[in-house]
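The first chain written gets the first letter, and so on, giving A, B, C, D and E; residue counts start at 1 in each chain.
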Amino acid sequence: MSLLTLSGVTASYGPSQALFGVDLQIGEGEVLALLGRNGMGKSTTVKCICRMLPAGGTLTFDGKDLGRLASYRAARLGLGLVPEGRRCFGSLSVQENLTAAARRGAWTFERVVELFPRLGERRGQRAASLSGGEQQMLAIGRALMTNPKLLILDEATEGLAPIIRQEIWSVIRLLKAETGLSILVIDKSLRELREICDRATILERGRTVWAGAIGELSDDITHQYIGV
Amino acid sequence: MIREAYVNALTLALFALIPLWAVLADEPFTITLMTRAAIFAIAAIGLNIALGLGGLVSLGHAVFFGVGGYAMGILAHHAQTYTALSEWPFLIEGTKSMPVIWLAAVVLSALAALVIGILSLRTTGVYFIMITLAFGQMFFFFAISWAEYGGEDGLSIYVRNGFPGLNTLDPIQFYGLCLGLLCLVLVFAWKLAGSPFGLALNAARQAPVRVETVGLDPTRLRLVAFVLSGAIAGLAGALFADLNRFVSPVMFSWQTSGEIMIFVILGGVGRLFGPVIGALVFVALEHWLGGLSEYWHIYLGLLLLLIVLFGRGGLIGMICGREAVHD
Amino acid sequence: MSLILLIEQVLNGLQFGIMLFLMAAGLTLIFGVMGLINLAHGSLYMIGAFCAAAVAAWSGSFLLGLVAALAGAAIAGALVELIVIRRLYDKDHLDQVLATFALILIFSEGTRWIFGSFPLYLNVPAYLSGPVTLPGGIEYPFYRLALIIVGLAVAAGLYLLISKTRLGVQIRAGENDREMIAALGIDIARLYTIVFALGAALAGLAGALVGAIQSVQVGMGEPVLIMAFVVIVIGGIGSIKGALIGAVLVGLTDTLGGIFLPEIMKLFFDPSTATSIGSSLASMAIYVLMAAVLILKPSGLFGVRA
Amino acid sequence: EPVKVGMITTLSGGGAGLGIDVRDGFMLAVKQSGNEEIEVIVEDDQQKPDVAVQLSDKMVQAEKVDVLTGIIWSNLAMAVIPSVTAQGKFYLSPNAGPSQLAGKGCHPNYFNVAWQNDNLHEAAGAYANFAELKNTFILAPNYPAGQDALTGFKRFYKGELAGEIYTKLGQTDYAAEIAQIRASGADGVFFFLPGGMGISFLKQYKDSGVDLPVVGPAFSFDQGILQAVGDAALGVKNTSQWSKDIDNETNKAFVESFQAEYGRLPSLYASQGFDTANLLLSAMAKADVNDADAFRAALEEADFKSTRGNFRFGPNHHPIQDIYVREVIKEGDVYTNKIIGTALTSHADAYWSECSM
Amino acid sequence: MTEPVLQTLGISKSFGALRASRDISLDLRPGEIHAIIGPNGAGKTTLIGQICGTLRPDAGSVRLHGRDVTHKAARERARAGLGRTFQISSLAMEDTVLENAVLGALGAGGRPWRFWSNALSDKGLRETAEEALARVGLQDHARRRTAELSHGQRRQLEVAVALTLRPKALVMDEPMAGMGPEGSKRLTGFLDALRAEAPILLVEHDMDAVFSLADRISVLVYGEVIATGTVDEIRADAAVREAYLGDEA
């Protein structure tokens, strides 16, 4: 059974429509890549899932209709968001950023620090003065602290050093293997995505134009829709 | 949604036609009200340059309004009593001539804005609001105890000052003068918004670091905006004092600063005609509701509340929607 | 001036400062922590005082009056948040200014409509009134000592709430990015209603406590509002410690300025002129202090640079 | 054609109580006269000078009133009166009496039916002598009326001053001043702190344990405000040209009918409004308002029954009247005043000689 | 050897106990792309801040065209021809794309004190702006509000604004971040061509781009330059692999 299902989702920013019909499914324990060029609606889709933007069409998560829920209720169903641009709470310390989001479960402050030791070193520092990469780790840690069923990573490796990026990919692999967490990833690094994702969905101008197992993603298709 | 240009034209038409009607219908008080609205509009346009364009939320514009007012009060007072304003280092005499008074008001309030601006612009955001308020309060308390010019009682000048070729005692002629100045100030504000300076100032409000990295000094841009803004408010202050033939420390009070700001917000921050519409509507409401009940403030409050809750970006925002992307 | 008098005046300054803190405490929460410009804070202060006066007159109990002040202001605050403020979080700060200005009009005239145009009676209860003698022979009103204690307790409570509890962390996170904290599963809307009501209750409490030694009348909240803003800004927005220190600084400046400036002026002018000039300067003193602090430290004494 | 009266007074905001009382007193007199020939237009000045000026323009230009009245505050009076009298209108002041308008700035069309601002303070000074205060501490807010108050007090007071301080306008905490009073060795305190300032001062004074005798003008002890001060005011002596127990028929009838009409005791301000209306009505009975000279002469005669008993105008159109000393007492549950003596008899103001009228 | 366009001489900077830059000396020569890589938090942005004038070094000096600019404000360095893009987009969001570009042109001209003429109808300004937009491929979006752009498009605009300055040297903080693969590829090609016009100090975590573009690479770790060299030298450096590259070499 699929954990998250979107069908025919539409959304607009004021008068300008950004999504025209997005269909997408993520099964339990599945890792899905959401692909597309810049500005094609990936982040907008994520916003619709997290109820940060009103959406048309149907969205169900874990058997429940997301349609009319307030953002915080949707999140409590088990959505953990690492948003585009990190959006850490700048005036809070690292530790406070993490505790603000905490919900009961396997992920605790200690475990997050274990995952990202650097956050432990900087636990008292205000998030606004962290380096870009540190902020990115904080954003991931913060999402994990909510102990989600579905982790949504919107460009979560943006701006990270290769070695850390590798680390994050291995964390994702680990999460996938050990905890059975479902994950939605948006990332530009196709190479890694091919390795860890089960399936992929491609957006073009606010529509789902391709969906399938990652193995079926041919070079022709990526060339057509992603440009590489 | 109605095009903003139509709303602007309609507003100007109201400013032209209502007083005309008032003359024909012999309703001189309506002219006085419109004069009041026009003067407040000038002050609010001044503030809007700092507030809307520069993002400088000044709760101290009463200072400039008051400096303008006192420039007029003091000059006219000395002219009236045939005493010199100062004899050293050089002789300064009072005057009852509006153009001279305006010049003095503009120059003095610009100076005040320069000094206050230099000191205040070190701060940003809420701190800026509060430091400008602090300067306002200093002027207010100073004026209250400035016995020489009436202290809290203020200064009356019994006859309105003169303008060459006009009879300013005639309400409609004085109104014409104010309307003329309002139009001038409007044109200036309009040109300013589209000018290189306006563009840079606008960007300095949104992304000061960006402005800095293209080689401009955001603080200096803001300072110039603040001075321009103060000078215009000063001009309005001189006119307001002349309308009432009276100045008092109330012109310096934080409530006055607040009111000027309310005009801008009510009409629409950063929109050319926002302050004008705000001032007109506020004066009209005050007048009309004042006659309804002793507790008319409640109605005024409710109306303002409805406007904020259901309109985005003040009255203009409510009528015309969000600002069009201009070419 | 005798040493005893000097000490007493310093004590008065401190005491006035803590009273200012009490008045500013609610504002620190709403403005400093939630980041909401609430001009109607003074109105909540007034509502507290009026509720206390009405209930104390009816029941004869000052304590019941205080309870009523807390409850009345909290309810008013919660309603305001639910009906008005809630719709303004995602709007411009300036819309908050206009809306809360409108609320001042409504509250002031509404209060006058209900309670009439004359000041109300609210007095210190017998068991708290009269002077006590402090070590050194200073006679000091007992009630003011009580105010100091309440003020310090509120300061400590707020400090713990904001910096030590998860609730405090979430409130501050909400100020940074409301949308994001909601996306993490926190019902920020309800949280804000609670915080706003709490801030309002503190304002109401201050109104009742301070109203007992001042006059309970329409418009009593506006000067307080300005003072409270001054206090918070000097201390640095968002810092409880800053607000407390700012309050004491303002209290000392105001009190000692009022005493010493006229004396200093007497060195230069005849007594009558000197008192007049001196007290004009004294009325400006706290604003000069605020401007000076901000010029030297643009984000207040303990504020963090945005 | 009826006489049109424009009343500009404070009906909203914190100072509304005074304006409402003046209005109610005035309207009561008009109603009792049964005179159909008078039309009163009332407007709220919000205690703002510029609004008052606007309204006076409106009254003169649009309503074409014959007589203006109603202003409570000196600063509003200074903004309005010179210009309306210059335009040939009559102005009858039911409350404010700034010194400029009594002296050099007096005007034939301006009549003050209340007092010159200094009067009650002068009476307090006289009373302080009588009460044998030798070393008084005096305080008032730092603005023109406050400065006039202390000057007025000193004009009649003969003893020493233990201290003289100006407080901030709108100040609400007086701990520091009270400490100064305590330390000054004074044997009495005179203060002029109108409105909420006086309430705060008295409450705090009482609570401080300093128990020197206090005198002040009636403003802080008037009917509207006393209930809010409560016990703290009991026994305080204050000076006033009116009190509800002044023993004459007019006053008795006024107090009774006011209470019947509005359900509260009348205040000083109500009596002033009432007297102002009666003065106007008396002049209307004698002359046509359009005949300015005759009407002015009729006003000058002050041929009406004042609630204060003796009342006449001096050459500068300010009252010559007795000023009483009252003591705050409690009648049942209500705090009120009782006359205990007369401070000054047939007292005129200090400025009339400067008036060249 | 040609004179460096940009040079830092032993600059150091601490935040409290944290030494974010330690005695860093490096330079940028005409026509080259000099990449700076290093782990997150190594102090790259801090270094750029000091070069561009938004941070003041505790010690050391910065030279632009041989002139000491250590004590010059950011805007003065910009006017002297130093262009910069930010790690986190910093643009006037309510303004249109074109207006943002015109702002750059305006700053380069250094004449914002014109209160009467219209900025957008000024031919010089507008041409400069439109040309820069066209070069990054945003010409079709000129009339849109910046807030409506997607993340990647904003990055392009950042570069465009820097170009309107007609810079003599460019300092870019992670220009590829947030660009899709296609966008990165295009930007790579673009920077490659740009280096002749203005040498580039490039901070970037996208190793494909760095390896294909950089003439030299400096590696910053804990605020210290641990290695400088050609692509091949750096790829082969064990310390760099351990601290930064991992197996991506």
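Keep this in mind: a residue touches a chain if its C-beta (ideal position, glycine included) is under 8 Å from a C-beta of that chain, and two chains touch if they have at least 3 such contacts.
Worth saying up front: this structure is predicted, and the values here are computed from it rather than measured.
Undergrad: Could you run down the chains that neighbour subunit C and subunit E together?
TA: A, B
Undergrad: For subunit B and subunit C, which third chains touch each of them?
TA: Correct list: D.
Undergrad: From the centre of subunit B, which chain's CA centre is farthest?
TA: The most distant chain relative to subunit B turns out to be A.
Undergrad: Taking the mean of the C-alpha atoms as each chain's centre, how many Å separate subunit A from subunit E?
TA: The answer is 29 Å.
Undergrad: For subunit C versus subunit D, what separation do you get between their C-alpha means, in angstrom?
TA: About 34 Å, centre to centre.
Undergrad: Measure off the straight-line distance from the CA centroid of subunit A to the CA centroid of subunit C, and report it in whole Å.
TA: Spacing between the chain centres: roughly 44 Å.
Undergrad: In whole angstrom, what separates the CA-based centres of subunit A and subunit B?
TA: Roughly 50 Å separates the two chain centres.
Undergrad: Can you list the subunit C residues in contact with two or more other chains?
TA: Touching at least two other chains: 108-109, 112, 276, 279-280, 283.
Undergrad: Out of subunit E, which residues touch more than one other chain, so two or more?
TA: If we look for residues of subunit E contacting two or more partner chains, we find none.
Undergrad: Please set out, as single numbers or ranges, the residues of subunit B touching at least two other chains.
TA: 141, 144-145, 147, 295-297
Undergrad: If we use the touch criterion from the header, which chain pairs count as touching?
TA: Pairs satisfying the touch definition: A-C, A-E, B-C, B-D, B-E, C-D.
Undergrad: For subunit E, which residues are in contact with subunit A within the complex?
TA: Interface residues on subunit E, with respect to subunit A: 15, 37-42, 45, 87-88, 148-153, 174, 177-185, 205, 207, 243-248.
Undergrad: What residues of subunit D sit close enough to touch subunit C in their complex?
TA: Checking each residue of subunit D against subunit C gives 12-14, 16-17, 20, 142, 147, 150, 164-170, 172-173, 175-177, 179-180, 182-183, 195-200, 203-204, 206-209, 224-225, 227-232.
Undergrad: Using the touch definition from the top, list the residues of subunit C that touch subunit D in their complex.
TA: Against subunit D, the touching part of subunit C is residues 1-2, 4-5, 8-9, 12-13, 15-16, 19, 108-109, 112, 116-121, 123-124, 129-131, 139, 141, 143-144, 212-220, 223, 255, 258-259, 262, 271-272, 275-276, 278-280, 282-283.
Undergrad: Quick one: which bits of subunit C touch subunit B in the complex? Just the residue numbers, please.
TA: Per the touch definition, subunit C meets subunit B at residues 31, 37, 84, 87-88, 91-95, 97-99, 101-106, 108-110, 112-113, 226, 229-230, 233, 237, 276-277, 279-280, 283-284, 287-288, 290-291, 294-295, 298-300, 303, 306.
Undergrad: Considering the complex alone, what residue numbers of subunit B touch subunit D?
TA: Residues of subunit B touching subunit D: 27-30, 32-33, 36, 141, 144-145, 147, 150-154, 156, 158, 171, 240, 244-246, 248, 250-251, 290, 294-297.
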